[in-house]
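What follows is a set of structures for review.
Okay, so subunit A shows up in both of these, paired with subunit B first and subunit C after.
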Partner chain A sequence: MSASASPSANVGIVIVSHSPDVARGTAEMVRQMVGDEVPLAFCGGNPDGGLGTSVEAILGAIDRAWSEKGVAILVDLGGAETNSEMAIEMQPEERAGRIVVCNAPIVEGAVIAATEASGGASLDIVRRTAEELSPA
Partner chain B sequence: MAEQESTASVLLTHEVGLHARPSVKLTKLAKTYSSDIALATAEGGPWIDAKSIVRVMAAKAPQGTVLHFRASGPDADAALAALVSLVKRDFDEAGVHVSERSHAGD
Partner chain C sequence: MIDYKGRRALIEAMAGAMIAHADELTALDQAIGDGDHGLNMKRGFEAVLADVDGLAAKPIPDALKAIGTTLVMKVGGASGPLYGTLALALAKELPADPSRADLARALKAAIEAVKARGKSEIGQKTMLDVLAPVAAALESGADPVAAAEAAAEATVPMKAIRGRASFLGDRSIGHMDPGARSSALLVAAIAEKLDEIA
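On to the complex of A and B.
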């Protein structure tokens, strides 16, 4: 029962935080500010309910937000990034090169990436737009 | 192909200015047109890409700013009419930003 929702023409967004509340809240901001045109999934917390991230949960989120145009992942701290990279490495070959971790702040990056994605931008443009934030 | 450049300006009345949510709406609307669309907070510029969410947010235009638009391309006039209308409607946000306003007074 993977992504049977209508195949989206837009890049998907995945939010990975150590905190389930941060992940959910960030996703809520994206939904309210940007809308529903972008496939969106989030995960946060370790399997025991504490702070942390899990590769398993990230794999699930990638599946839920999957789009043929690719998926941009927004992360908060260290482990979120390394586990996301591990989840990317475990993807089937046909998804190779179509999932990226954005080097951007998680909340702002998610809203900006989703805004860009909602206009039909490519994965590369979505990532670069989110990353434009950082040096400023 | 006949390229037309059009301009328009509109007073930003939204009480918290061009903050995050209005910026997202403006950018998303601009992206639905194929014309190049630029935005400035003063008549002489600097002009920024109205389709760039990062640039539009960074402009931080406060309430009372006159927003200047210029567009060139096949749907330039329609794009400007839609953008001006969005700003005039306060981004369809009347009443939505109450909580943000209450924080602004801290």
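On to the complex of A and C.
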């Protein structure tokens, strides 16, 4: 990211997996393929560090990836989605409407969403591009 | 009116039921889910129990709100937001000194909140398939514990439509839903204590 660019110039991406390794590995893949133009955060594992998801960790990841243009969350299985939706509802009102969970495969979705976001696309376009990957 | 001692006993009964049945819930979840329901509920209710003094000191709606938030934060599976939503919705609907009719009405409203949270309906082999008959029993004067037990049993032949179990399709048939079982256990623990207190 160039020194002049605001950290919130692009939509942020959050990756939420049941597995800390999948979350970290997906984020690494995004960084290598897309670079640093996009605020990116990831979390995985339950509050004990085992497989699962943690609302507290998701809240933290949203904070780290926060952008005024919004945040797109990519999730793996059902619990990650439900916990992400809960975390969105717990956000302050001025943020809640600018965070979405994408219905997309986590790895491909994260890379595509980040690629789209790095070009300055709106949250809605980032989401729709990621969701095109899902079978109808 | 349920006093401090009563509220404390209710919280300990709920947490005790989840902790005592953690292995059973996990075994049910290993059959058709991701195998963590018992451990997740145990972790959540251990966190609740750790603050039992503070929780019991609060009026029922405030205690339920705090319990719901703890479950959301600590459970770590889809059951965290689902049970958390149930408790938070009950907190919103219940007066400090609820009657049986208040309980029935609040549970019906909370069931709608859980449906929205889980994007699920009754008949999809979930906790809702226990909670709905319990609300009906509370309303009609029937025994909510018997209703909960029968309803949990009735999830055995159902095919799962929501959650990890739905990936199994027809293979989900023949197993009791773990969320239905944990709901029935919670209903039994609460009802038993309420009978003692009343």
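Just so we're on the same page, the second predicted complex is superposed on the first by the 129 of 136 C-alpha atoms of A that agree within 3 Å, B and C clash if a C-alpha of one lies under 4 Å from a C-alpha of the other, contacts with A are read in each partner's own complex, and residues count from 1 in each chain.
FYI, a contact is a pair of C-beta atoms (placed from the backbone, for glycine too) under 8 Å apart; a residue touches a chain by one contact, two chains touch by 3 or more.
Worth saying up front: this structure is predicted, and the values here are computed from it rather than measured.
**Student:** Check the residue A:E56 against both partner chains and state whether it touches subunit B (first), subunit C (second), both, or neither.
**Tutor:** A:E56 sits against subunit C, while subunit B stays out of touch.
**Student:** Should A:D36 be classified as contacting the first partner (subunit B), the second (subunit C), both, or neither?
**Tutor:** neither
**Student:** State whether A:E94 touches subunit B only (first), subunit C only (second), both chains, or neither.
**Tutor:** Neither subunit B nor subunit C is touched by A:E94.
**Student:** Which partner chains sit in contact with A:N46 here, subunit B, subunit C, both or neither? Use first/second/both/neither.
**Tutor:** Once the two structures are laid over each other on A, A:N46 reaches subunit C alone.
**Student:** Once the structures are superposed on A, label A:L77 by its partner contacts, choosing first (subunit B), second (subunit C), both or neither.
**Tutor:** second
**Student:** Between subunit B (first) and subunit C (second), which does A:M86 come into contact with in this model arrangement: first, second, both, or neither?
**Tutor:** After superposing on A, A:M86 lies in contact with subunit C but is clear of subunit B.
**Student:** Between subunit B and subunit C, which one contacts more residues of subunit A in the superposed model?
**Tutor:** C
**Student:** Which residues, counting only subunit B, touch subunit A once they are in their complex?
**Tutor:** Touch list, subunit B to subunit A: 20-21, 24, 27-28, 31-32, 51-54, 57-58.
**Student:** Taking the touch rule as given, give the residues of subunit A at its contact with subunit C in the complex, in rising order.
**Tutor:** 18, 46-48, 50-56, 77-79, 82-83, 85-86
**Student:** Taking the complex as given, what residues does subunit C use to touch subunit A?
**Tutor:** 34, 36, 39-40, 43, 72-78, 80-82, 84-85, 117-118, 162-164
**Student:** In the complex formed with subunit B, which residues of subunit A make contact?
**Tutor:** Against subunit B, the touching part of subunit A is residues 33-35, 111-112, 115-116, 118-120, 129, 132-133, 136.
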